[in-house]
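Here the chain labels run A, B, C, D and E in written order, and each chain numbers its own residues starting at 1.
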Amino acid sequence: MIPTIPQSRSFRLIYGSYVLLFFLYLALPLTVVAVFAFNDSQFPSLPWEGFTWNWFFGDTRPQIGVFHERGILRAVGTSGFVAACVAVMSVAVGTTNAFLFNRYEFRGKGALYVLMLLPLVVPGIVLGISILVFSSTLANGVWDLAQMDIQALRPGLLLVILGQFSFITTIATLVITARLQKFDRTLEDAALNLGATRLTAVRTITIPFLMPAMIGAVVVAFLMSFENFNTTLMLVGSDAPLTIAMFDRLKEGSTPLLNAVSLLLMLGSSLLALVVILFQRR
Amino acid sequence: MRLHARIGFILLLTPLVLWLGMLIVIPHIDMLLISLRERISFGVYETNLSQYEKALTEPLYLRTFWRTAVMSVLATAITLLIAFPVAYYIAKMAKGRLQQVLFMLCLIPFYVSELVRTFGWMILLRETGLISNLLQWAGLADQPVEMLYNDAAMMVGLVYTSMLFMVVPLVTTLESLDDSVIEAGYDLGGNGVSVLREIIIPHAMPGIVSGCIVVFMLSLGNYLTPTMLGGKDSLWFTEMIYNQFIVRSNWELGATFGFMLLVLSSVIVWGMLRLTGRTLQETMG
Amino acid sequence: MTPDLECADLVKQFGQTTAVDNVSFSVPPGSFFSILGPSGCGKTTIMRMIAGFLDPTSGDIRIKGGSVLDTPPNKRPVNMVFQHLALFPMMTIAENIGYGLRRQKMPRDQIGRKVDEALDRIGLPGIGGRKVDELSGGQKQRVAIARCMVLEPDVLLLDEPLGALDLKLREHMKVELKALQAAFDTTFVYITHDQSEALVMSDQIAVMNAGRFEQVGTGQDLYYRPDTPFVAGFIGEANRWKGRIERAEGSSLEMRTETGLAMRATATGTLAPGDTAEIFVRPESIRLAATAEALSAFDNQLQGTVTSILFNGAASRVLVQDSVGETLEVTLPQSGEFATLKRGDTLHIGWGAAQATCFAVAA
Amino acid sequence: MTPDLECADLVKQFGQTTAVDNVSFSVPPGSFFSILGPSGCGKTTIMRMIAGFLDPTSGDIRIKGGSVLDTPPNKRPVNMVFQHLALFPMMTIAENIGYGLRRQKMPRDQIGRKVDEALDRIGLPGIGGRKVDELSGGQKQRVAIARCMVLEPDVLLLDEPLGALDLKLREHMKVELKALQAAFDTTFVYITHDQSEALVMSDQIAVMNAGRFEQVGTGQDLYYRPDTPFVAGFIGEANRWKGRIERAEGSSLEMRTETGLAMRATATGTLAPGDTAEIFVRPESIRLAATAEALSAFDNQLQGTVTSILFNGAASRVLVQDSVGETLEVTLPQSGEFATLKRGDTLHIGWGAAQATCFAVAA
Amino acid sequence: DTLRLLTWGGYAPDEVIEMFEAETGHTVEVTKSNNEEMIAKLRATGGGGFDLVQPSQDRVMGPQMEFGIYKPIDVSKLDQSLFIPSMLMATMANTTVGDEVYGVPHVWGTSGLVMNTALAGEVVKDYTDLCDPAVAGKVSYRLKRPTLIGFAFAMGEDPFAAYGDEEKYKEIMGKVEAKLTECKANVKTYWGGGDELMNLVRSGEVTASMAWDTGGWKLNEDNADITFVAPASGALGWIDTFVLPAKGQADDAAYAWINFVMQPEIAAKITAVAGNFTASAGADEFAEEALKAKYQASFPQEAIDNIKWYPPVPAGLEAIEGDVLDRVQAAN
């Protein structure tokens, strides 16, 4: 069952078609979403009413395009801000975690590592509600004690960022740890031996070595944050990120505007993905 | 020197402890405490198991709970069945560029948000959607066919959304299987079936387990797909959590549900690990 | 007696490149046949064609006289020990060895017995229950051979099986492999790029280069009577000179090197005055002496200065720079006669025309 | 002249295990000093203590006469070439070589000049802009050395730097390393477990075993005049017999082997009749002859049967089984005299008492 | 200031926002939601995160008593002359806790039936007719409390009368539950947002649904067969209000917004987009004739008299309703 083992023609044919079918299945919904972004109709469905750019650039009712939709544009901004914060924070903490797990032996390390993995197996919605519950307990506690209201602890951007950070950090940690494990510690010894201090060695040797993984982690974290729904849903306040905003609209019914947003999202993420691939290449 | 190491250790430990403590451990403990609370009247609470009692006696809750679990297992199994041949093809049959391209193609849907993917399926499956029109055009149906809002549609969405998380670990483990081991299997008289059963699948087990765990978790915790593609009967456990928190403002019961979901997922993940004798560390790290 | 394995005019092309180019050979029953050649010369390709993992572009492969071209790999009466052994990591040692027997639907107790027997045979009784990664490199090696041998193949193929082992273990396994072959009394076809492996173990060696067999013969044949400059250069070490033939009488001839020295040598093939040629002389064929007189019996004599003494016990060498500036490698005799030699000493060296093999060089 | 490097009573313990056990040595300026020993004997531990990556449990390390125990690794006037070279993969060759100079805050143009100079010195001018993985193994080797040498260390430490290279390249680099040391005229401390590397390159070799130095001396010292059975067994190959001393006259003695043979040998240290002892005889010290008479000059003579001929060109061996069933390894002379020898032939062998070294064995 | 407005779809059209921003210099951020989510969000934030919210008048008193998520409204800061007096009084009365008033009216309307009269008009006259086999698979409604109330009326009960009597209320809900469970097979999907329903009806996937009056009227523009019908048992009347969240930070902007949108011309614009009439006195003049006509067509006088206005929901009832809704959703 590898190319060097002779197989009958029909087997190869059936297998090949199955794989082809699979990729059609993968491509189908995305293609459909993309195509109907150009339908000159109120609905993203057949019949095809002709081609239009209106869902991108239109500025008159009812065909207001993405680029003239305040709500959507604001949501994109919010998502971008959240994603950037989450990416930076999770990669920063992911890097310190990687060093901790890679460089130190201490009691409870194994348990801590398992705990670190846990956010991956906690459903996103549970993460969301636990943080929601805890932050309001805190806020209420502060209120009861000091009659002081800490809005930051109420649903809103900070909680959204922390909620996403809470599990994306695990992923960043794994990505960076994997790379750090491949790092040959004698490189640091060599730097030391050539006159560098410990910190200089880390700065000039280890961090550049980790760079591809860190950049990869930034992009993955950014994308994951950008598309996160479950955790965000429970923590969102008045500033809705894009997925939530789109979901709210979708609840009201689908219009090609959503297709247009989706198509732009696809293009954006493909671009980012490309950046990652180019980086990993090097 | 020693002092430096100590300081470094503390500096590196702090963010980890803050993160896990403040965002994972304490919130979950707090959630547990809330779930153990009963509201007596305005602002008066009592600690007891009444929420759990309610959750375990009300047939709706219990049924939804099991339904979600069973459907998630089913979605995981289907995903595995569909993904395995494809992953095998990518890892072992395709070579060079084709292999890279196919692998990349598998990743693409992941780069687009789940909402968009689900939205795509809605456009395809709805009564006025593409497939319905296609069937009518082909003469296979004489009136619009509704394919949305049922368990099958939901399953299609769940499987679709999870596919990547099954394919990637499978491809990775299968790629690590040396061609010559497969060849040795044939060389010693094996055929396709026996090589698959005795060599390929045992080798792929780590990938199968980690893929299944992730897919199961994603299905169990999914909210979008069941709400948007599922029908009027397809209540999902996450929806109930959302409902209790957002629609009913009943945080006590919502927290209880959250905890039940957590326990369910932990038990199933633990079971899968036990079954295959692997640790979480090996599987996820 | 029909040979166990016979390849006739075997050719394998990958697109434009011809990996195996018209190779023919036959391996008599019970013998140890090696294919020796540099990396990328096509050795593995031959072996994979024999095992059935590649179809030859043309030519025939016969086992015990019958062509196996239409037999799929899992039906061919040959087994293969892979370069990295390809033991099944998910199975125990006993399961590994029993794998082929299970495929033959042999009853379980019989399999058990056969496996135990094989483990005894390779000197590892009682390890059947272990996992693959609980064995050392040499033990794995033997298990991989046992896994094939329980199936009693007509021919056992081995693709650089010692490549992954460390130096000491490799030395040891050379002797061991030869002993195992004797014990199982099976035909071995062995691939390697390490001349010493091939020389030590084989009955017959084929030296391969760029898809073709250059020479097939015993180790002595190849070492002392190389047919081609490639064989002379690839097997053993040699001092070399290029030049032009000045005189030729039968196989005895004289060449003027590019640096202007006159040398007497023995021709391989026909060489005429004016031909470009290359002379090979092994370090151990050169004699050292303090005076020129001591070497008067030799056809070739030079004077030189010691530039370096590479002391290495029994394999010590001296680097001698001759009058025209070339450096020669000469074996240091074990007699102790030259124990006091040091850098800068002047020395006479000489060798007979019989020890200097001369080949034509494609101009 | 103060030695460049001096270690005095160096001890290093890891918990219960003593990795380095009271080692003292000194390395004179400009010399090539090797530490040779089997894997795990503590070589790297010594080197890491010298480089400053490990603190000795006790003892002192002096460089150019001054103790460096309190100097952190980045301040010590020694540099190290690591086993896998530890070139920085994210930097170009020039950046690698300039790394230490940048740490010294040398001006950029001066760094550039120094790097170019070093590249010239190692015979690789103009490759400064390349990436590390665009170099061959041997080139990387030289760059690793240059990276240290631009810092003009008092001592260069090399930890099995050839371990990762393949056989042919290793042979070549042995000669090259020695030449580089001469060119830079720096003290080299070289670690290896490969005796031939140590023998070929070193001025002085310390043979190390289980944390201790067994013997320090030149290659010839170690090969021909081993002080301990470990050294005799570790360096070069040897046939060995255990037995009990029957007669001893000064250093000349006679031993009865466990298998009942009487043997004459030369004692190392004092041995008295009744002592348990072990005799070492190198394969190349044993002569072969067709008749017993030809060997009458030798103190020890045996008759045996050829069990195997390990043909390996200049390094060919014969395995000879003697009358009591022991197998001896004997070098096959290059003279061609025994070219027709084959398995089963009867043969006489002999060696002098001077070639048989005898050591006391802890009963 | 930034005014963070939590409201229903259509209540803050872009055009109005732009005018408001131009006139006052405040900026407006709109979040669209529904009653339950508004309350849940405010509860989670302790009444923060927004500066002005618009729950229905029946959803002000209970949540305020239980969670304290609103702050009293200073009616003196409002131009009371802009409001229809009777509606202002009624709403203030319904949203008074203690001595404080919490809400003032904005938009009002009814829930009833939206249907394609050509396809379902013969069959569907009241909510319970949605369960008729003739419209099987072509029916939709929300799984929310208005549906329970509507079905209760259609089944001849008076749930509002039972607000004070939990036992009685439970009994009524039990009957409604049975009916809705039985009816489930008829339902294509439960709708969530107004536009979602409109899409379903417009595309023909649904022919009859329980819905807000607005939706029907809007659809009527495209397809004359589709319209809003007041059910035989009476439409349900609701009033969406303006309420200040307890921790709102832009009260001035909030008051400014209320005063701004209650101006008759502006209110008319909102009516045009949302489809519902407002509590703005005199906005009628500016309202489109077409809409008025549709309103009159849907509401003959006896239908207007028959409108059932929601009284404030006492705390605790929603738990009963929630359980019923859960069981209906779970039923097979």
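In the analysis below, contacts are C-beta pairs under 8 Å (C-beta built on N, C-alpha and C of every residue); 3 or more make two chains touch, one makes a residue touch a chain.
What you see is a predicted model; the values in this text were computed from it and never measured.
Listed here as common contacts of chain C and chain E: A, B. For this structure, the chains sharing the highest number of C-beta contacts are A-B. Per-chain CA centroids place chain A at a distance of 37 Å from chain E. Averaged C-alpha coordinates put the centre of chain B at 56 Å from the centre of chain C. Distance between chain C and chain D, defined via averaged C-alpha coordinates, is recorded as 28 Å. Of all residues in chain A, those that touch two or more other chains are 4-5, 43, 45, 132, 254. Multi-chain contact residues of chain E (touching two or more other chains): 41, 44, 203. Of all residues in chain B, those that touch two or more other chains are 126, 128, 183, 186, 245.
Every pair of chains in contact is given here: A-B, A-C, A-D, A-E, B-C, B-E, C-D. For chain D in complex with chain C, the touching residues are 167, 174-175, 178, 194-196, 199-200, 219-220, 223, 235-237, 282-285, 308, 310-315, 331, 334, 339. Partner chain A is touched in their complex by these residues of chain C: 48, 52-55, 72-73. On chain B, the positions that touch chain C within their shared complex are 178, 180-181, 183-191, 194, 198-199, 202-203, 205.
By the touch criterion given at the top, residues 4, 6, 9, 14, 29-33, 41, 44-46, 48-50, 192-200, 202-203, 247 of chain E touch chain A in their complex. Across the complex, chain A meets chain D through its residues 184, 186-187, 189-197, 200, 204-205, 208-209, 211.
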